């Protein structure tokens, strides 16, 4: 739960996206994290909680429980272990059931690097018509796809969110309304500034800032993952702390490379 | 838990491999299934239980608990959600910890179609030296890799098991000592006969039988997955039953195609 | 060579990119196409010719010959048949040799969907320092990567070009200087208008136009490929004509779907 | 053209498979190689020539020309640059045309590691019914697939050939009739001995030999490719010689690793 002191003007906090290590938590730990964050965070901020599980039933139960302990919105990962059978019909069935029974709005969560599954655009369009499905966090990085989702859901009030800071400006440029960015854990003010520059049409400044964020963003996501993100949090005055096994700490060489991605862009 | 009446001369039962829908079960359901199977099955058969979880700690706890309720062997899936960080070092750390603390022997479980991760051969060789890691179930289907694992672990008493009936004969031919085959849930006697033909050097008959098993095997695994396997169990006198959502039942067209793979090969 | 009448204000023509069916042409046909286009096209337009071959020597020869028959710039595809050995060192060697010996400037051409190979960013950065390598056409669609290339080559006068109209606006937003777009063969005026809107900072109008171009663009590239592009050219008043085998004409169903992607967006 | 002195009892020679560097040769070089090999080799051996090109027309012409200069059989690679459009219909059209017009028998050539395309089994089955298509060299290494092709073409006299020595025994075990193996360029006698052991049912000895061949085979194919194969040829008394660019020679470290794969298995 970095950023809980709200040093950056984020709209809210996402708990238990991929960087929250949710697959390593028990069900009760997952709820406890949501509950504690709710109590610790400012009242006017949004608490989005990742409630996805592999089965539909478990996802419904987790979503309901997270709502009870204070989540404002449920972000629901695509089930993926049986990805060979996760047809459009199966995914529509899953999300419809969850959205029907959830007391809070649902955001779809697509992160192919972790799940090996890319939620088809047509499936997203179908699901966007459900009154309780309000948006998608797409971490795939394919801006053509992001544009297409925006284009095909423009009649609904459906929010397409960039899932990573590497393509945040590009996503705004094609009509995204926000982002859920791991990088905000370490460079929250800068990510928020990038958003502001985009929303106010200052594209040249936005471009300069965006370019300086790509390398640190890749470093704390694709390249070094959670151990990299946590290490960078330690550097930047937050508490990153250890990872749960089997995730390993960075080697000294990896740490050095990680640091370069920040120093080379003027962030350390 | 098909085959529990032991209509085929299997050496034992694997509970909560991928076809056991373990990602859809709660922790207590997982233990209950092991416990009930233990009570229902013949005393002289082996009970292998899939105890893998994403975190090392949860896997250790699940393994210990499964041993307590009667598992003879723990089959441990590769953690995979953070596959980008599942380096050889991370995997060795994970499996070593689990094997150190497990009261029962451990079998590695590699199933890239579900996990998007292929346990590197060198990692397997390193792990084969642990006294409590006794083998691997490899479902990837790469017989060159299976041969290489056998070749490089021949000094240890390490058991390489074919993870699917589609390449069972080929695996025996390069030195595998057994198989863990979804197809045994429906054509158990035939899979056991194939093993016997291989072990007694009747390769010509083995070949004829193997070729007739490939299509039904692919149909109940890669092609139609668990819903296909369950449907075929119903046809062949077992209880397949429904799947948990989000897995969907087969459509009538899929069911028809599934049936053809059995009838075309003389099994229905 | 569509658009040769210059109905749209393109800066020039790319001959024998992937949509030019160059792998189906003999060496002499490849040169003849360049020569004829040179004669037919306006003098003030740029002629960019795809001169890539698998071997370095053949690429050098083709590049020199294409320059002789009138190409202004050579666009050089990554060699790919032996992609397992196309290390950074191999690619740097290849492109350096070609650029050293080419009488005309060289543009790198990265198109992973066809080659199964993604030119590493660090390799691009190294090559950008060669005085005769002036840019890259990147058709991969990863806008984070495009931004990173721009960021890391900003000291050189290196031109990053969007390789497809699906992510043209996003590429301009992060600093690309142009595009080489299959879609310009059918909706050339619109693609040029999109560029103009981006260059003059009219991002809202650009966004509206971009979104209407995604579906037709995907249809004439990833979805239906060259047969789709040619069919759409026929519809829009150009000469598409037949494909060479083994490429097949569209089926009536495919043609119908292709048409919908244009009509649904108001282009037919 | 290694092995031309027939130090091993091979049935014939394959010229311009992937290891023949055919993509680096001009059309006239390709023909000259076939012609010279024909003159240099024993009359009673088979000359199989790789005649695949991207276009159907070029493949037909190359096949006819190769037959004229002495090829006994044409081995035809799947066209692959436009793999997104290489549907079953397109591939059937391509191969049917080539086989119709070829004066010599045609062998299909499937090598997904190079082409990024896996010839579908159903397409192979359809093509196996053409009187002039006599077999397939499959280098993919999926023995389940190899078994299935054998099973579904058993009514035709269709020859399924293992495309690499890594899975040669396994392929014989499921009914393959031969192999086309890069490794035969360096360990020809051993590969032939492995075949003999398989054909005479000496499976235990075959297994021992097969296991010792996997590492050197992987080293000269997937791991180090053509430069590795050529270096090993030099070591084993053949002429490997240099590669054409952009292929690079092995680094000293790579050479050392390559050597270990041979020495560790007793071949050097």
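As written, the chain order gives the labels A, B, C and D, with residue 1 at the start of each chain.
Quick note on the criterion: a residue touches a chain if its C-beta (ideal position, glycine included) is under 8 Å from a C-beta of that chain, and two chains touch if they have at least 3 such contacts.
Each chain and its UniProt protein: A, B, C, D = 4-hydroxy-2-oxoglutarate aldolase, mitochondrial.
Computed from a predicted structure; not experimentally measured.
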| item | value |
| --- | --- |
| Chain of greatest Cα-centre distance to subunit A | D |
| Residue-number overlap at the subunit C/subunit D interface, same or different (half cut) | same |
| Between subunit A and subunit C, centroid-to-centroid distance (C-alpha), Å | 33 |
| Subunit A and subunit D, separation of their C-alpha mean positions in angstrom | 47 |
| Whole-Å gap between the CA centroids of subunit C and subunit D | 34 |
| Residues within subunit B bordering two or more other chains | none |
| Overall pattern in which the protein chains touch one another (line/ring/star/complete/other) | ring |
| Full enumeration of touching chain pairs | A-B, A-C, B-D, C-D |
| Of subunit C, residues touching subunit D in the complex | 18, 23-24, 26-27, 54-58, 79, 81-87, 89-91, 93-94, 97, 113-114, 116, 222, 224-227, 244-248 |
| Residue ranges of subunit B touching subunit D (in the complex, touch as defined) | 141-144, 147-148, 150-151, 154, 164, 166-167, 169-171, 173-175, 201, 203, 206-207, 210-212, 214-215, 217-218 |
